[in-house]
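Below is one structure, written out as C-alpha cells, with a few remarks after it.
Just so it is clear, A, B and C label the chains in written order, and each chain counts residues from 1 on its own.
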Amino acid sequence: MAAINLHERNATAGEEIIQCLGVHKWYGEFHVLKDINLSVAKGERIVVCGPSGSGKSTLIRCLNRLEEHQKGSIVIDGIELTGNLKNIELVRREVGMVFQHFNLFPHLTVLENCTLAPIWVRKKPKAEAEAIAMKYLERVRIAEQAPKYPGQLSGGQQQRVAIARALCMNPKIMLFDEPTSALDPEMVKEVLDVMVTLAESGMTMLCVTHEMGFAKSVADRVIFMDRGEIVEQAPPEEFFANPKSDRTRLFLSQILNH
Amino acid sequence: MAGHVDTASSTVVERPPALSLGPIGWMRANLFNTWYNAILTVLIAWAILAVVPPLFRWAIVNAAGFDATSPQCRQATGACWAFVNEKMRFILFGTFPYAEQWRPLLATAIIVATLAAAANRRFWKPWFIAVSLGALALFGALMWGGVFGLTYVENSLWGGLPLTLILSVIGLSVAFPFSILLALGRRSNMPAIRAICVAYIELIRGVPLVSLLFMASVMLPLFLPTGVNIDKLLRALVAFILFEAAYMAEAIRGGLQAMPKGQYEAADALGLSYWQAMRKIILPQALAISIPPLVNTFISTFKDTSLVIIIGLYDLLGTAKAALSDPAWRGFYREAYLFIGVIYWCFCYSMSRYSRWLEKDLYRGHKR
Amino acid sequence: MLATHTQDSGRAPSRLSLNDPTVRAIFFQVLVIGGVLALAGFLVSNTLDNLERRAIATGFSFLEREASFGIGESIIDYSPKDTYGKAFVVGILNTLKVSVIGIVLATIIGTLIGVARLSSNWLLAKLATGYVEVIRNIPPLLQLFVWYALITESMPPVRQALNPLPGVFLSQRGITVPIPAPDPVWVWVFVAFLLGFIASVIMAKWAKIRQAATGQPFPVFGMSLVLILGLPLIAYVAGGAPSVMDVPQLQGFNFRGGLVMSPEFAAILFGLSIYTAAFIAEIVRGGILAVSHGQSEAAAALGLKRGLALRLVILPQALRVIVPPTTSQFLNLTKNSSLALAIGYPDLVSILNTTINQTGQAIEGVAMIMGSYLAISLSISLFMNWYNKRIALVER
C-alpha cells in the first residue's frame, strides 16, 4: 500500500463526471435522501462513510439506477438518469459496481462471469472478451482460478473476481458498496490492495466503506452522511484531524477507537 | 469542494411528491405502474364485475329459503340451501342412527379439540400422549357405544366427518412409530435393514393410494387365515397406515439429515447406546424439525380420505355423493359440493397456515 | 453405532461375541430378515390356502382370454372380443394419454400462475394467490366430481349444444372440435414441421458459433418460429391448401366426426391439470424467489437488459430449484389419474378393476396395477437423479 498521498496527483479538478442536484428519495413516508448535492470530477477517489441507515448505500445505488430518486437530478457523464431505459442502459455501461455480497453468478465459471457482459452488452467476439477477462483477472492476481466456479473460491477471491468482472466492461466510474464488510479479517487486505492499485491507475471511484485506513491513504475526499444528508465533506487530512460537525466527531470517535 | 455543512437535523420536513402517497399513490404503484399492468388491471376488474355479482345473486339473493321444498327449489333461479339443510345431518354423520347423532357430533368435537391442543407447543410433553389416547378412547366409546348405557352402533353405520377424521387420525398415529423405524432404518449402516426400508418406501411412494386401497380391500382377506374376517374400515385403515408410514418416514428422514453431525458425535462421545442416544438426543430434535412437513402429511391424508368412496366407505365426500342420489333432490350438486368443499377447505387451510407459522417459529429458534 | 467409528471391545477379534459390533449387526440383520421371511411365508401359505378354497386360478394366463367387456374410449381399436391383455394395453394408453396432456397443461398453467403471484400488479398477484390457496386445500377427487357434474349436468343437452365457434360444440356429451379431413397434404405439412424443427436446431448452433467469432448476436428465437411455422405453411399452400374439415354433425344422440372429448376425459384432464398447476405454481414461485435479489442487481449493474438477465442469470439458477419438485408433481399427476375409476374414465386401474371382478384374480390384477405405476415412477426418478447430478452447482 503506497504511503504517499495519492490525492496530490488529482488535486486539480478534472471535468465533472457525476453531478447530483437537489436529490431527494423517499421510501413511502421515510425520507431517506435529503437534498443531496454532489459533484465528482473525473479521476477523483471519494470515500463515503456514516452510521447505518444514513443513506450512503442508497445514494450510490441511485447513481446506476438500482434505486430511483423521486426529486432532483442525477447526471452521469453527461447523461441524465431518468425513467428513460435507453439512458439507464448507457449509464450502466459506464458505471461498474462491486457489491458487499459479491453477487457472482454461481452457475458460471470465473472466466464466464467476466465475459458475460462484454459478449452480450458490448457485443464482443468470444476470443476478445476472454482476452480482456484474463487481462483483468491477472491484474487482480487471480488468473489461475479462471476455470473454477465461484463456489470453490474463498470470500476474498470472490470479491476480487467481482472487481475484475466490473472492470471488464471498461467503466469510467467504479462504485463500491461496502466491499470488505462481508469478508473475514484476513481477506480484507487482499481486496483493499486491489482497490488501491485501481485508485493508483486513475479510476474515478466512489467507495462506501468503514475502512478508514483506506480513506486516509487513497481518498481525495471523504464524505460523511448521516440521516440522509451530506453533513460534511473534506480531504482526508482535514476530515480526520479537524471534523467540523458534532455528528462527524461523534461518528469518528465511535469507529476509530478500537 | 471542501465545504462543511453543519446542519442540525433539518427543520424543514419535506414530503414526498403528492401523487406517490395515499390510495392514489398505492394504485399507481401497484395497479397501474406499467402499461401492461394497467391493461391487466382493467381486464381483471372487468372479469370480476362479470362474475361476482351473478354469483352473489345465485348464492344469496335468488336463493330459495332454508325450508323450501324440492319443487320450490327447482323453481327458484338461485341456490337451494334447503337441500343442505335437509341433508346436512346425513352428509355430516352418515347412516348413524338419527336420534343418537349427538354422539358423533361430540366425538368429532373431542378430536378437533385434541388436535387444536396438540398445535400448542405447551402440550408437547409425554403426558399429552396419555391425554390423546384418552380422547381416542372417548371417541370409541361414543361412536361404538355399548358402554355407559349407550346403545351399540356398529362401525359399518359410521360415516361423514367422524369417519374422515378417524381415518386420518388413527392412520397417522399408528403409522408414526413405524415411520420413525423406517427413517432410522433407511439411514442405518446395516445393508439388509437399509435395503428393506428403502425398498418399502420407494415401492409405496411409487404407487397411487388407490392401488393400496384395492390391495387392502381385495387382497387382505386372502392373506389372512381362513375364517378371519376383517371389517371394511379396518382394511381401509391398514391401507392408510402402510401408505402414510412411507411418506412420514421421508419427512422424518429430512429432519434426521438436517441434524448437525456434531449431535451424533456428542452422543457417542458421552457413551450413550444407539437407542439411548436416539431417544434422548437425536429424535426429540429431529422430530421437532420434521413437524412442518409432518403437518403437511396430515393435510394430504385428510384430503386422501376422500378416496375411500372407491372401496365403498362413506366418508364426507361419500355421504355427499350419496345425498345427491336421492331422487327427490336430484341435481343440487353445486350446493352439496360447496358445503363439503368449504368444510374440507377450512380444515386444510388452517392446518397449512399453522404449518407455515410453525416453520417460522422453529426457524427463529434455531437462528439464535 | 451412530458415527462410523467402531468401539474397541478389548477382546480378541476372533472370538464370536455379541459385544462385537460387527457380530451384533450381522445377528440383528439375520433376525430381521428371518422375521420378514417368516411373515412372508405366513401370508403366502394363507393366500394359497384361501385361493384353493375359493377355486381361484393363479397365474397370468387369463390375459389371453376374451375380455367380453366394452371400453368407452380407446386410442387403438378394441372390441369385447379382444383379450384381457389387449384391454390392459388400452388402459395403459388411456392413462398415458391423460397424464401426458395433463402434465403439459399443468406446467403451462402452473408456470403462468407462479409468475403471476410475483407480479407487481397487486390484483393479479392476489388472484393467483387465491387460486393456489383454494385449489390446494380441496381434495382432488372432489374437484374431479365438480368438473364432471359441471359437464354432465350443467351443460346443455346435445340437441341444444353450445356453439361458440363454427364446428365447436359443448354439451353434456362432451366437447367436439372439427379436425381437418384426411388428405395427403397433411403428411407433408407434418414432415415440413419436423424439418423446420431440425433446421432451427442447426441454425441455433450456427448462430452460437457466429456470435463467439464476431460478437454479433442473432435472433434465434424469432427465426426458429419462422422456420417451425413457416415451412409447414409453405407445404400447406403448395399442396393446394385443402380446407375440407371433418366437422362434427349431430347424428341421432351424439355428434359424429371431428375430435371428441368425452365428459369423463374432459373432467379428468381439467380437474387434474388445475389441481397440479396449483402445486407447480408454488414451486415456480419458490424457485424464482430462491435466486437472490443480488443476482438481478449484479446483472443489471453490468448493463444486461432485463430479458437477457432473466435468460442468462436468473432462469438457469431458478430451474435448478424448480425441476426436481416439479418432476415429483408430474409423478403425482400420473398417480392421481387413478382416480379415473370414480369418474368412469377407462384408465388402467378402471380396466383392471373390471378384470379382477370378472376373473377373481385379485392378486395378479393388483400386482399389475402396482407394477405399471412403479415402472412409470422409477423411470421418472432415474431421469431426475441424472438431471440433478448433471446440473448440480459445483462447490468446495
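Annotations for the structure displayed:
Just so we're on the same page, contacts are C-beta pairs under 8 Å (C-beta built on N, C-alpha and C of every residue); 3 or more make two chains touch, one makes a residue touch a chain.
The structure displayed is predicted, hence computed values, not measured ones.
Because contacts link each chain to all the remaining chains, their graph is best described as complete. Pairs A-B and B-C differ in how many C-beta pairs touch across them, and the larger number is found at B-C. Note on chain placement: the centre of subunit A and the centre of subunit C lie 50 Å apart, centres being C-alpha means.
Between subunit A and subunit B the centroid-to-centroid distance comes to 52 Å (mean Cα coordinates, whole Å).
Rounded to whole angstrom units, the spacing between the C-alpha centres of subunit B and subunit C is 25. Only residues 1-7, 9-10, 13-17, 20-21 of subunit B touch subunit A when the two sit together in their complex.
On the subunit C side of its complex with subunit B, the touching residues are 1-5, 25, 28-29, 32-33, 36, 43, 46-47, 49-51, 53, 119-124, 127, 133-134, 136-142, 145-146, 149, 153, 335-336, 338-339, 341-342, 349, 353, 356, 362-363, 366, 369-370, 373-374, 376-378, 381. Looking at the complex, you find that subunit A touches subunit C at residues 64, 66, 89, 92-93, 95-97, 99, 101, 103-107, 116-117, 119-129, 149, 151-152, 165-166, 169.
Chain contact summary for the complex, subunit C toward subunit A: residues 211-217, 292, 294-295, 297-305, 308, 312-313, 316-317, 320, 393-396.
Remark: subunit A residues 13, 24, 26, 28-29, 31, 34-35, 39, 70-71, 221, 227, 229-235, 238, 244-246 touch subunit B in the complex.
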